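The structure is given below, and queries will be raised subsequently.
Chain IDs A, B and C follow the sequence of writing; residue 1 opens each chain.
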Amino acid sequence: MLRYTGKRLLQMVFVLLGVSFIIFCLMEITPGDPARQILGPDASEEAVLAMREELRLDDPFAVRYISYIAGVLHGDFGTSYTTKEPVIHELFARYPTTVLFAVLTVLIASLIGIPLGIISATKQYSWVDSLSTSFAMLGVSIPTFWLGLMLMLLFAVKLEWLPATGFYGPIYWILPAITVGLPASAGIIRMTRSSMLEVVRLDYIRTARAKGQTERKIIYGHALENAMIPVITVVGITFGQSLGGQIVTEQVFAVPGLGKLMVEAINSRNYPVVEGGVLLIAFAYCVINLLVDIIYAYLDPRIKSQYSSSVKKRMKKEAAVHEGES
Amino acid sequence: MKGNHKRSRLLGIWKRFSRSKTAMLGLAVLCIFILLAVFAPLIAPYGYDEQNLREAYQGISMRHLLGTDNLGRDTLSRLIWGSRISLVVGLLAVAIGAAVGGLIGSFAAFYGGRIDSVLMRVVDIMMAIPSMVLAIAICAALGPGLVNTMIAVGFSSVPTYARVVRSAVLTIRQQEYIEAAGAIGSGNWRTIAKHIIPNSLAPIIVQASLGVGNAIQSAASMSFLGLGIQPPTPEWGAMLSTGRQFIRDYPMMVVAPGICIMLVISSLNLLGDGLRDALDPRMKR
Amino acid sequence: MEKILEIKDLGIRFKTDDGIVNAVNGVTLELKKGEVLGLVGETGAGKTTTALAIMRLIQIPPGEIYQGSILFEGREILDMSDKEMQQIRGDKISMIFQDPMTSLNPVRTVGEQIAEVIRLHQKVSAAEAMRKACEMLEMVGIPAERSGEYPHQFSGGMKQRVIIAIALACRPDLLIADEPTTALDVTIQAQVMDLMENLKKEFGTSMILITHDLGVVAEICDKVAIIYAGEILEYGTLEEIYNHTAHPYTQGLFDSVPDLDEDVRRLKPIDGLMPDPTDLPSGCKFAPRCARCTEQCRTMHPDMTVLNGNHGVRCFAALNREG
């Protein structure tokens, strides 16, 4: 398991290198002069040139990329063009909001999605099932920003129960979290339902019935423990994606998270912030993926033994011994 | 003989598909939108940028069934014209994503070994960047506009298609008839074209039908952020973005385009689910 | 001897997209204490459906038991409450399933899975149940130390032995073995059959052995019932079926088995296929494939007729010959 984790961490370094390269290339071909952006349209040509010099924008691509990577390895993500603050400060100023937002999203999505999915599967074709499958269908079809606007229209504008924008305390969190959580729960409902339906048809469920186990313990024991394995992945992916910032929802509710920062940075050609932000998002995504895979291995012994090569070798040896016997 | 067999297979798929009420509902709604898009000039009561400032901010009336916007343009007409944009953007973005991703995926699966691992690492890298961030960055690099939005949305879905196609091709490759084709000396290209592509189409079709919905949603999100399709093009997301400023007093400007987006996407999703069940009866429950 | 199981005129059908599948059409069977009955037929003949009905494991819907009765120790299984049935399953009646690869829960250790059935039916502590589970493992020839391992760490034959251990853990009165050896390779098949024979000798367990392998039947069974298209075509003692074969289908089954004693050059498979269970022939169900089929066979459905003693056959031709 440790070896496997180590291998994955190594892979992660390459993925992050690749990510930074792709973003660097994209920024390279993006039209617009950051120096001009910073100084504004009225600045003189000389001032812009001086700024380009200062930002080292005229160095060759390779030189800039390598010096950027060298900086990152030393923990230096550069300086924001607009605020002159170190990028890392900018990112960490926004990140807690995004993490909080992500946690809320995943909580709402799982608390709605998993129970509804289970009920839907155990009472297939009942009214609860049709209700929750239609809800799931709507959830995957509804554009998030529109759901956000509609919730805002209803709860903030018409009923005036909740604040429309900002992110200053729990009461402000409700609308944005529901906006992202509801559609996310749709995916979890669908996954839980189909996974449960698949598992309850499997032979080992019949074995459990043949033992005289009660239907309740079969569903909430044997079936659930197997059906949850793929659901964990969906929950993990939802969390990983949410950590990337909810670009559109943050825009709708003026939530000062990573997503909003990224859009601002891309629009203002603030390359160091874009680079740093994407790296942070990709890093979080990789870490979550790794965590999900590790949890997966602990839930599913088949996967675990695939990961740990020592067990595999022992298995092979034993299999050989048994074949010799027979 | 072979043609007959193919036809009966298609007939079987259609029979299974048409048995699902929800899938047929999806198909019907989608057809309505396609008809609206095709015959927009005949159906729409007004032009999409026909301004009439004296009639701005109107509510629902006989003259303007869904009211007018801040420039006095008829909302219903703009929505009807907009269905052209959304459907085209969705289809072409998926075509781009599926073509590029499919090529990467089938190459990786077919050649295996080093080519496979290199290509899949590239896909992993693209997967690590949220598709929305990638789409926005691509859009920033190319500049806003209809075509660039399609390219941005299409490219951001490349990794998904690459993975789907790769796993589909891998499954088929293991089956015996590919080995048999190899044995009778079909070249690799011939094998790909004659055996692998036709047999791996099912998962691609399903992914694509669900993907059109996603693409429409991404495109609308980008327009909403002001990065994608620009006004006065009557793109639904862009209409929402404009309407948002007036949400307090003229909510119809926000409600109507959103419902259109939702209807189209859910019809595509219902269709996709139905197709999946029809193409792969084992998956049906 | 006392009857442990009596099935009378059992009828089971399934509603599917392609129509109504008539899986079991009036099966009548009985089994005395300590006997082993071989239920022989081709794939799709209704063997497994009959067995699952005894366990009341038919999924309803799409399944439906539309007629007949199943008496276990004189009590009607079809009328029992779910709770009563749960008490019988795994304790009084156990079943060994066909495919050992998929019949065990992949995320629980084999020890836990054996202990589960013990805890369900016996008032013992968890530790005691686990100790008994280990004993069962030893009994089927698996070292008790492996009780903490997961199914994927076992070979197919060992998994089947684990399933047998689960089935036997509570010393059932009736054991239903559904093709227990089909998924296994030949050497392991022999081991499993040995195990079953021991059971019969040592504990006198009544068994229903479902198989399509007449060789296996000869080894262990006292009685044989031949099932075809959801109907019993012939039944009798091992001797009666093997030496006084009455039904052309049974004869066909024998002809399609290689016989080591005789030097037969060519096996004679039965021509044709089992009829479509959604569209069964109105006369004798075997008529379309039968060499001795007459007009009567096509139009009239033969009844089960007792030839002598326990030997029954459902065939006009066989009756005419007997005279």
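The rule is short, and it goes like this: a contact is a pair of C-beta atoms (placed from the backbone, for glycine too) under 8 Å apart; a residue touches a chain by one contact, two chains touch by 3 or more.
Remember, it's a predicted structure, so these values are computed and weren't measured experimentally.
Novice: Which of the chain pairs holds the record for C-beta pairs in contact?
Specialist: By contact count, the leading interface is A-B.
Novice: Which chain has its C-alpha centroid at the greatest distance from the C-alpha centroid of chain B?
Specialist: Comparing chain centres, C lies farthest from chain B.
Novice: What is the distance in Å between the mean C-alpha positions of chain A and chain B?
Specialist: 22
Novice: Please work out the Cα centroid separation of chain B and chain C, and write it as a whole number of Å.
Specialist: 52
Novice: For chain A, which residues count as touching chain B in their complex?
Specialist: Interface residues on the chain A side: 11, 14-16, 18-19, 22-23, 26-27, 29-31, 124, 137-138, 140-146, 149-150, 152-153, 157, 194, 197-198, 241, 244-245, 247-248, 251-252, 262-263, 266-267, 274, 278, 281-282, 285-286.
Novice: Using the touch definition up top, name the residues of chain B that touch chain A in the complex.
Specialist: Where chain B meets chain A, its residues are 22, 121-122, 124-130, 132-133, 136-138, 140-141, 143, 213, 217, 220-221, 224-225, 227, 237, 240, 244, 247-248, 251, 254-255, 257-258, 261-262, 265-266, 269-270, 285.
Novice: Contact residues on chain A for chain C in the complex?
Specialist: 202-204, 206-215, 222, 225-226, 229, 299-302, 305, 315, 319, 322, 326
Novice: In their shared complex, at which residues does chain C touch chain A?
Specialist: Chain C reaches chain A through residues 55, 57, 82, 85-91, 94-95, 97, 99, 102-108, 113, 116-117, 120-121, 150, 152-153, 155, 157-158, 163, 166-167, 187-188, 191.
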